[in-house]
Amino acid sequence: MDFSLLLGLGRFVLATTLLLLLTIPTAFVVIQLELKVIALMQLRLGPNRVGPRGLFQSTIHGFKVLAKEDTVPDQADRATFTLAPWMVYMAAAMSMLVIPFAPGFVAADFNIGVVYFFAILGLSVVGLLVAGWSSYNKYSLLGGLRSAAQMVSYEIPLTLSVVGVVLLTGSLSFSQIIAHQLAHGWNVWWQLLGFPIFFIASTAEINRAPFDLVEADSEIVAGPFTEYSGMRFGFFFFAEYVALFIMSAILVTLFFGGYLAPWPFPAQLGGFIGILYGLLWFFAKTYFFIFVAIWMRTTLPRIRVDQLMGVAWKVLLPLSLINLFLTAIAVVAFKL
Amino acid sequence: MTAVDPETRIPDPIDLDRGEEARLRAAAGLAPPSAAAGSEYAGFELVGVPDRPLQTEREREMYTLEEGEMLLNMGPQHPSTHGVLRLVVKIRGEMVTDLDPVFGYLHRGIEKLCENATYTTVLTYVDPMDYLASMHNEHAPAIAFEKLFGIQAPRRAEYIRALVVELNRVFSHGLMIGFLALDMGGLTPILYSFINRDDVVELLAAISGQRMLFNFFRVGGVNWDVNDEFLSRLGTWHGTVMKSIGDNEKLITENEIFKGRTRGMGILSGKQAIAYGVTGPNLRASGVPFDVRKAHPYSIYDELEFDVITQQSGDVYARYLQRIDEIKQSLHLIDQIMDKMPHGPVQAQVPGIIRPKPGRAYGAVESPRGLYSVYAISDGGPTPYRFRMRDPSFISLQVMPMLMPGHLIADTMAIMASLDPVMGGVDK
Amino acid sequence: MRLLVERFPETARDLWTDEDTVEVQLPRDAVVETLRTLRDDPEFGFFMLADAAAVDYGIGHHFEVVYHLFSDRHPAWLRVRVPVERANPRTPSVTSLWTGAMFHEREMYDMMGIVFEGNRDLRRIYMSPDYRSFPQRKDFLLPDDAADSSAAGVNPLERPETWDLTTFSRELTSSAATYPPPDTQVDVPAEAYPHGQESADKSRPA
């Protein structure tokens, strides 16, 4: 038995377990941020009772869903109904595996990290569709079908806009992409068209406003989650916020240099300090984009389902193809 | 009350056995339940068809499904049906093909209550009808009763009446804007609207003593004269209101998503609007200049200068702009009223229990939702013999089945919110 | 008002006016035709149906359907009163003139039990579909009235078994598709309240 293989396996198991455990606090933080930021934007006070300055409000919400009754509709398909939240949550949690938080601080640095990420994240649509279908509720059914249509449509411009980055950097590994940005500057300067496409498509991919049609509460109550209660609903809820975190993290990694500082000095920080410095910049950038997503939710009304499809197929898809061609030409012409 | 015999207990429809359900369905001309064996989802699209014989031609048309159609029951518990409105929507995919509004979940029988109450107490019963326009609710019966008794409110009372109903109109229209945005998924405008509403409500509380159901009007006058707190609050509010309305406008009016979802949506032509009995801002947004304040001036509206504002396109966006314009017009009216307000008493001499001569009277006001009118019949006794209220949002909702076919589920909420129904008024 | 007399000498009766309302009484058969003329004739121009209400004048008297019309050519509301027999409460529907009369008529049917012939959606609007009484009639007793009367118990119209869905649907299916039954119980029989006749008859002549 090769010892190093065992060591690698052990590291992998440890890292995935840690990440899985990390998702819940991440969701708590993002939810707390959303509660407070939305409140301030709406001239309200927001949570200010639970814990110091109301900091434990979302944590209490999390424990609340644990304590609530778990109901299953009479005519629901019990097996798939139970399975669906798990699928959605695991899709979100597993895609966290490839995010480089800091130099060397990554659970699994695959050489096909980008492919893995979008493959796993795409699985959540299956969970939503299953949840919608198994609930025996018309709102759930509509929501499930909406989620299928929306996420499948937006995955195309999303991945096409990433292909531009991949062409530019010449690698599918996130650490390589970051290394390339260290040498050539952030990708966003080279992908001025690719970044907005990715930003819009990723917002739609994780069902955030103004593309939150899947759980449009003023139309179809809560979409696929209508019949869920207790911790099963909690899984959907956490998965949504974990997905928001992950999407912001990937956005930062692909276009904004990941854990790199915006200026080139200090060029190389080694060891523990380097990791801390990387984490600082990584979380600062990630939470900035989470803030932008919350900002959009407060400001914009929801888009309609036909407009949503129109944006995906008539605007974003041609634009992402143009972006791809331009990038390819630039790569060949300037030998980037 | 005698005890209810357990034998004749009302059976819960869910407890009906299968045979009974089959018979009911056969009576309704529907397929028997789960007789279409095979899929466990058989009959899924039929959930929502009433379990009783279909009664009318229209009902049969509504509840007969073609291939690919499904019934969707929105309400009475639904996040955005403005209370307890229930809309049974027939959909084909996301496309709405037909719609049936169902009322009565908030029915309190206010007309009957008022027929058993004295003339003075009627004014307290009508308050919770259209609970966003309580002042207007009280105004129409006050007018009708004053006609019945042949008395006239003092001029200062009429000015105060006009002042408070215009204040009420400002916050009612403001809330409509917020709810319209909320039903489209915009979370913030409703909170800005409520901040504005809170200011107005505190104002009205300063003059009437209550925050929601004001109980301010009296037969032959109003309850209180304006006081110092009211005046100082009015001054402060007047300085800030345009800013708070403007905040909302900045968020909504030029928002591309909002415009994309409201322009050309739910177009109601002027002719249709008249045929369907739509009144108020919804009618004026369709280009018909009908405003009770101009058409049959009541109170002191013939002494004030204002124009009837109209929009031309008659879509959801026009109905939104109409509300914004009317808020500005109401502020202008409030200025004029404060300028011209005369001195004098605010309450005419009225006996404690009023027994008018037998007769009939019709009082109509322009409420924020349209023509709100009261038809009162007196037989000489201390209570009205017949007390009839026409609530504008009840009548306006009739256009929903006409407007909806061809729109999407999401537009149901936008169009409904643009008609601005208040279920307290719809269900009386 | 003068116009009304000139144009409808034989149908319009009992013209009456107060400060801002002109009142006219029409027989039931002439309602639709007269209202159509009032709506379409440029001399009248009553294009808007402001209100439609039903009035119960008590046992032994008639019902009345009251329309209020608005015209931009005349300074007054026009009130059209149409008496309807109590024993046979039927009157033609005006939904062919104003589609918006639909909910008015549904409400009048629900509350007073007046059947509008030609209305294609005449069903209960506020009360539940299996409700069998008409609450705004003057012979509909409130629980207070029942407590006052010496006849113990609530009004027979309010007895719980009449709400029974099963019985209700069985009766309906047996009586084929003639819903609403034309003579759903209208009056409280006098013998049901041997001692409480006064309280049962709350009617007051107007």
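Think of it as A, B and C in the order they're written, each chain with its own count starting at 1.
Please note the rule applied: a contact is a pair of C-beta atoms (placed from the backbone, for glycine too) under 8 Å apart; a residue touches a chain by one contact, two chains touch by 3 or more.
Just so it is clear, the model here is predicted, and its values are computed rather than measured.
Counted as hops between touching chains, the shortest connection from subunit B to subunit C is 1. The central chain of the assembly on a C-alpha centroid basis is B. Per-chain CA centroids place subunit B at a distance of 23 Å from subunit C.
Computed from the mean C-alpha positions, the centre of subunit A lies at a distance of 62 Å from the centre of subunit C. Centroid to centroid, with C-alpha atoms defining each point, subunit A and subunit B lie 43 Å apart. Within subunit A, not a single residue touches two or more of the remaining chains. In the complex of the two chains, the subunit A residues touching subunit B come out as 38, 41-44, 75, 77, 136, 138-139, 142, 146, 209-210, 212-213, 216-221, 297-307. Per the touch definition, subunit C reaches subunit B in the complex via residues 18-21, 23, 47-51, 53, 55-56, 66, 68, 70, 72, 75, 77, 79, 98-104, 111, 120-130, 135-136, 142-143, 152-154, 160-161, 163-166, 168-169, 172-173, 177, 179-180, 204-206. The residues of subunit B lying in touch with subunit C in their complex are 1-2, 4-5, 8-11, 13, 16, 20, 23-24, 27, 50-53, 55-59, 103-104, 107, 109, 111-112, 115-116, 147, 274-279, 290, 295-296, 358-362, 364, 371, 373, 375, 377, 379, 381, 385-386, 388, 390, 394-395, 397-398, 402, 427-428. By the touch criterion given at the top, residues 40-41, 44, 47, 70-73, 78-80, 94, 181-188, 191-192, 195, 251-252, 255, 257-258, 260-261, 408-413 of subunit B touch subunit A in their complex.
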